[in-house]
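Labels for the chains are A, B, C and D, by order of writing; each one numbers its residues from 1.
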Amino acid sequence: MSFLRKLGKDPFGIFIFIALFLFIIGPMISVILWAFSVQWRYPSLLPTQWGLKFWSQTFKRADILQALPLSLFLSLIVTLISAVICLPAAYAFARLKFRGSQFFLLSFLATNAFPRFGLYITIAVIFLKLNLVSTVLGVVLIQLVNTLLFMIWIPTAAFKGVDKSLEEAALDVGASRFRVFWQITLPQVIPAISAALMLTFVGTFYETQGAILIGLPGVRTMPVLMLSLINNQLVVQYGAILSLTLWIPSLLMLFFARRALSGKSLAAGFGV
Amino acid sequence: MIRICLSLVVVFIVSTTFSQETIDLYNGSDTNISDWYSNSIIPMFQAAVPECKVNQVITGGGAGGNDPIVDRAYAAFKTGDDPKADYFEQFDPFRPVGAMDEGFWVEFSTDNVPNYASIVDAAKETPFNLPYRGSQVLIAYDKTKVNEAEVPHTWDDLVTWIKANPGEFIYGRPDRGGSGRNFVVRAVHEANGRDPSLFTVDNFDTALAAERFAGAWKILNDLAPYLYDNASYPAGNTPTLQLLAQGAVSMIPAWSDQAIQAISLGVLPESTGLVQLEDLPLVGGYATSTIPTNAANLDCSLKLANFVLSPEVQASVVEEIGGFPAINWDLLPAELQERFADVITNQVPDFPGGDWNSAMNDSWYENVAPNVNRNE
Amino acid sequence: MASLQFNKLDKHFGAVKAVKDLNFKVNDGEFICLLGPSGCGKSTALRMIAGFEEPTSGDILMDGQSIISMPPNKRPTAMVFQKYTLWPHMTVFKNVAFGLQLRKLERKLVETKVMTALELVGLKGYDKRLPAQLSGGQQQRVAIARALVLEPKIMLLDEPFSSLDAHLRVRLREELKSIQRQLGITTIFVTHDQEEALSLADRIAVMNSGWVEQYDSPDVIYARPSSQFVAGFIGSMNLFEAHNEKGMLKLGHFFLKTNDGVNGSEVKIAIRPEDMEIAESSGWPAKVKQVMNLGPFYSVLLEIESLGNLKAMFPKTSQVKEGDVFSVLPNRYLVYHDAGVEEIRL
Amino acid sequence: MSTSTLTKKEQSRTKSNWIAYLLISAPFFLMVLLIVYPASLSIIRTLRPEVNGTRRFGLENYLAFFSDHTSVTNLVFTLWSTGAIIALLFIICLPIALYLRFTESRIAHFVQGLALFPLFVPGIILAYALIRFIGPNGLLETFIEVTTGWQGYHTPYLKPSGSIIGLVWEGIPITVLVLTAGLAQVPDNLIEAARDVGAGRLQIFFQIILPLIGRSMLIAFALNFLGVIGAFTLPYLLGPAAPQMMGPFMQRTFYNVLNPDAAETQAVITFLLSSFVGFLYVRSAVRQQKEEA
């Protein structure tokens, strides 16, 4: 009751909430309804026949059972490698003085500005030479490139945001540079880095263009399978069920990352 | 965790290293076809030719179907690398530009594919592709909304019906799935005296094309205001079919096989009717497979090509996917010939691939599609 | 404890010369203040001692040994920063103990040392709190404890009290001084607050645009600022242009005596407000423009014809009021001339 | 002595340079190999058109692009859509960001969660969901019909508004994040001071807040521009057959018109537009760093 009274005091908030809810969640609700329907004919507002008939059919497909763990594994590996190569770079950008640091940092924006599809053919040619096409390594490399911007910019801003004198104070009491990084700097940038990691994971999980051109035929990820099932499948339910399934990792991320995301650190990564 | 990752990596390395016996088949068709491969053709082939395995990769519905992979294979052809692609279930060998002349595609003959001899002449367009199943585009309609008397039997009937029922008809973009394309082709035929023989693989000419298309664009632009939602052309066979399934429109051009499957799956209601135009059928066509000459497993690929032309598979084309065989009906089991006596035709009218096709698609985008804007 | 020696120390940041030719010695156990306006190079000098900045040239010797090639974490110095710089994710105890734990001391010993240090700075019982739960003054005490607990040879403080309010600043200043005296630790304290420097330091190095203007005890610095800059920066000072002719200094309509040491014809005269006296006669006629009661004495703004405004300090017993007119004279003044400074008493 | 310390200092400076280059080398190398190198090849190819069977340097490809009606229409349409999307995003997200900045209501948490939600929904799922939601006879249409009986719903599916709705949906989280962060930097006392001198809500917004979040607005603009101009999935699945946005247009030119040169030219032109906006963004970032230094 008191909660309701509180809500009543914030009509603008309620308006924004309802409008956003309709716009953001509305499309998702239709997917959920489709996933649990057996038949849904216009003009019925709700499915004309409910049921899980298509769930078992979807998950009987061998390709899906293969692709799901592969996709999770790939995203995990890409995220890890991305962290391993990008975090030191981010630290260098934030803390070391070197000629051209600005140029190098900003150059990563270029990775996001050039339309990808044409590039992938050229990359495929290079990878064919290196025997990387249709291998996990090849897909990891191509997907890694897409993660660079977020994984460098966001942590760079986060490292910059750590007061330098906190590090100096630790050096001053005798900690080695490594220990300072590990025990003083890192704990303070954890929220921003975890936000970057999650964006990377989710982005990689859903990446399709690179996965098609470099991964096929040997490496088939979930979204690549989904492309055909969602847009080329007569039975709407397949796509709905897959959408819902694919969406679980995202939802978990959102649940865990909300705090990290809403912090200043993430926006700082874009230079705010 | 690390151990699991490592073992997964090892599994992938191993599986890619020891795959010489496996041909990579790329299937860019709709799901009824790729399901048919998974469930029928591939198990049958692997049983018949035990030394060859098939790895089917489904690319349909993505950005361009088999196109990106063909491009990759063509690039590999130029640099002499393994294309990681052995067989394209459906592709037009006139693409990529120049590839055919450079020897990128396998030239089929009875020498490398003994069953090539069985293919009906009407299906043969070029020796660089392998026609192996035919289907036709029909008019699918909702019986509850279209009166028995109004069901169109000629192009003129169809136009009359479309104009009398604004917003109830739609066809898909010609470059996205054949149902839309073949409706556009039918308009081109209509504008050129209903003579499909005017268009052959070799007689393309830019000026001639402009002249022949002009009439068709007039017909289609004339129709545009009466199409679904001021001519909102969906991007593919399936999205078009789904508009009918959702009751958004009452009539569409559709592939016979896909429509029949949709009805049996319950996606389209039982009350869906199918009809073919009688003055000149909507063209259908043969799905044509291609094999790149640099395929790592060329032998197995050719064996598969031969296998899909066997009476066994061709019978399955008729029975399982409701298509037309690419070989002479005489070669099929007698029981089947009897059962399908009504619909047997050795000729499905076609429209040539290559230059004519891409010129038509591009020209459609430039001349017909902008209607969307004009009417808004 | 240790002594410290700067040898021709220079630090350039690109074209900016932050520190120029630093050359002085700090004795064992001494409390030194680096005093100067912001941007004078005092913090840079301190950071070079700690090892956070590398000198462009020159050397720093600790007990006669060069330390400039030593990384900051190896130097026997401990620094207290301007902002509190406590590690926000560690408790007070952990903040103070961190350096000790790095030295792999026994746990019990660490605990004793940390508790002693916290007690020394008056924060007994605060060990389990997080920095965010402390007030500014408490946080700075933790920072001091954190520096002290390592028993450094030299303690460095970079304007540690500047973000505290005036009252707290004075109190912490007194506590720091007594801790320093108790431990006898060599201390270098950077500040821009002259009162802080005068009250804390054994010796003050007054810095101006990168170099040391004067390095002396607070008394000498106050009484005999060696340059006009120091004179203007330390305490309050009345400065007048004067003409040196025929053995007399002429300022405005008035004359003051001089001595042989004063060279050149154009000089500057500096008079501390407390060196002004009310004269019976033959002084400078002055009119009282403003009187401010500063507690123990009056600060008086006088208007003197041909000299303009002059600040003076009179005892409470003088009973001056605004609008009063009387004569004044300095009993002591400094003359800055071409060759240096002369102190003259009347 | 001073010479020896000088060399020591120089050594250590070069050493720290060297370490920095080492630390950034892996991602930088990856970027050069997989983006810069192929992109340069691409750009060079567009500048070497094939004329009479031989390739030589020339601007024919670009002249062809700008003299082709469809290409220009698609480019203009892309810019128009991008502008509309960004304008809509500001109209939607500014009130949300303001609300999040100045409220202490509990609803704010939910609003924030909702606004961030699209960050975790990929385009492919979104396109699918939107077709079911706003598409013909979709949930929205039936909902409106069942609740109000109104039959006049016109689906934005396969129209310019279809791709605009999709891209706006995708752009909400970043825009809200950036604007909220920008607003967080506007100190309360500035607003209180303005209120103190008698400024109303609108005046405070237009004369105090907007000028102070100019940088955040620029960043939100740039990020959305970069994301939208080359977008493929949503315009392809939700947008019209013509005019097309550059993403699907490039794809079609490449695979269906069989003109890789033209497709690459389209890609380079898209890239140049992005670069221009990227440049504005970068310039503001550099300025900010100078201010901080």
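Annotations for the structure displayed:
Here is the rule we use: contacts are C-beta pairs under 8 Å (C-beta built on N, C-alpha and C of every residue); 3 or more make two chains touch, one makes a residue touch a chain.
Just so we're clear, the structure is a prediction, and the values are computed from it rather than from any experiment.
Two chain pairs, B-D and A-D, are compared here, and A-D has more C-beta pairs in contact (counted per touch definition above). Set against the Cα centre of chain A, the chain with the most distant centre is C.
Taking the mean of the C-alpha atoms as each chain's centre, chain B and chain C sit 88 Å apart. Between the Cα centres of chain A and chain B there is a gap of 36 Å.
Centroid to centroid, with C-alpha atoms defining each point, chain A and chain D lie 17 Å apart.
Across the assembly, chain C contributes no residue that touches 2 or more other chains. Residues of chain B found to touch two or more other chains are 63, 68, 71, 239, 246-248. Residues of chain A found to touch two or more other chains are 42-43, 117, 208-209, 227, 230-231, 236. On chain A, the positions that touch chain B within their shared complex are 39, 41-43, 63, 73, 76-77, 117, 120-121, 124-125, 128-129, 131, 133-136, 208-209, 212-213, 216-220, 224-225, 227-236. Contact residues of chain B toward chain D in the complex are 63-64, 67-68, 71, 95-97, 173, 175, 228-229, 232-235, 239, 243, 246-248, 358, 361-362, 365-366, 369-370, 372-373, 376.
Those residues of chain C that touch chain A in the shared complex are 50-52, 71-74, 77-79, 81-83, 85, 87-89, 98-99, 102-103, 143, 146-147, 150. Residues 163, 165-166, 168-177, 179-180, 183-184, 187-188 of chain A are the ones touching chain C in the complex. Note for the complex: chain D touches chain A at residues 16-17, 19-21, 23-24, 26-28, 30-31, 33-39, 41-42, 95-96, 99, 103, 105-108, 110-126, 128-130, 132-134, 137-140, 142-143, 145-146, 169, 172, 174, 177-178, 180-182, 184-185, 215-216, 219, 223, 226, 230, 232, 237, 246-247, 250-251, 254, 260, 263-264, 267, 270-271, 274-275, 278, 281-282, 284-286, 288-289.
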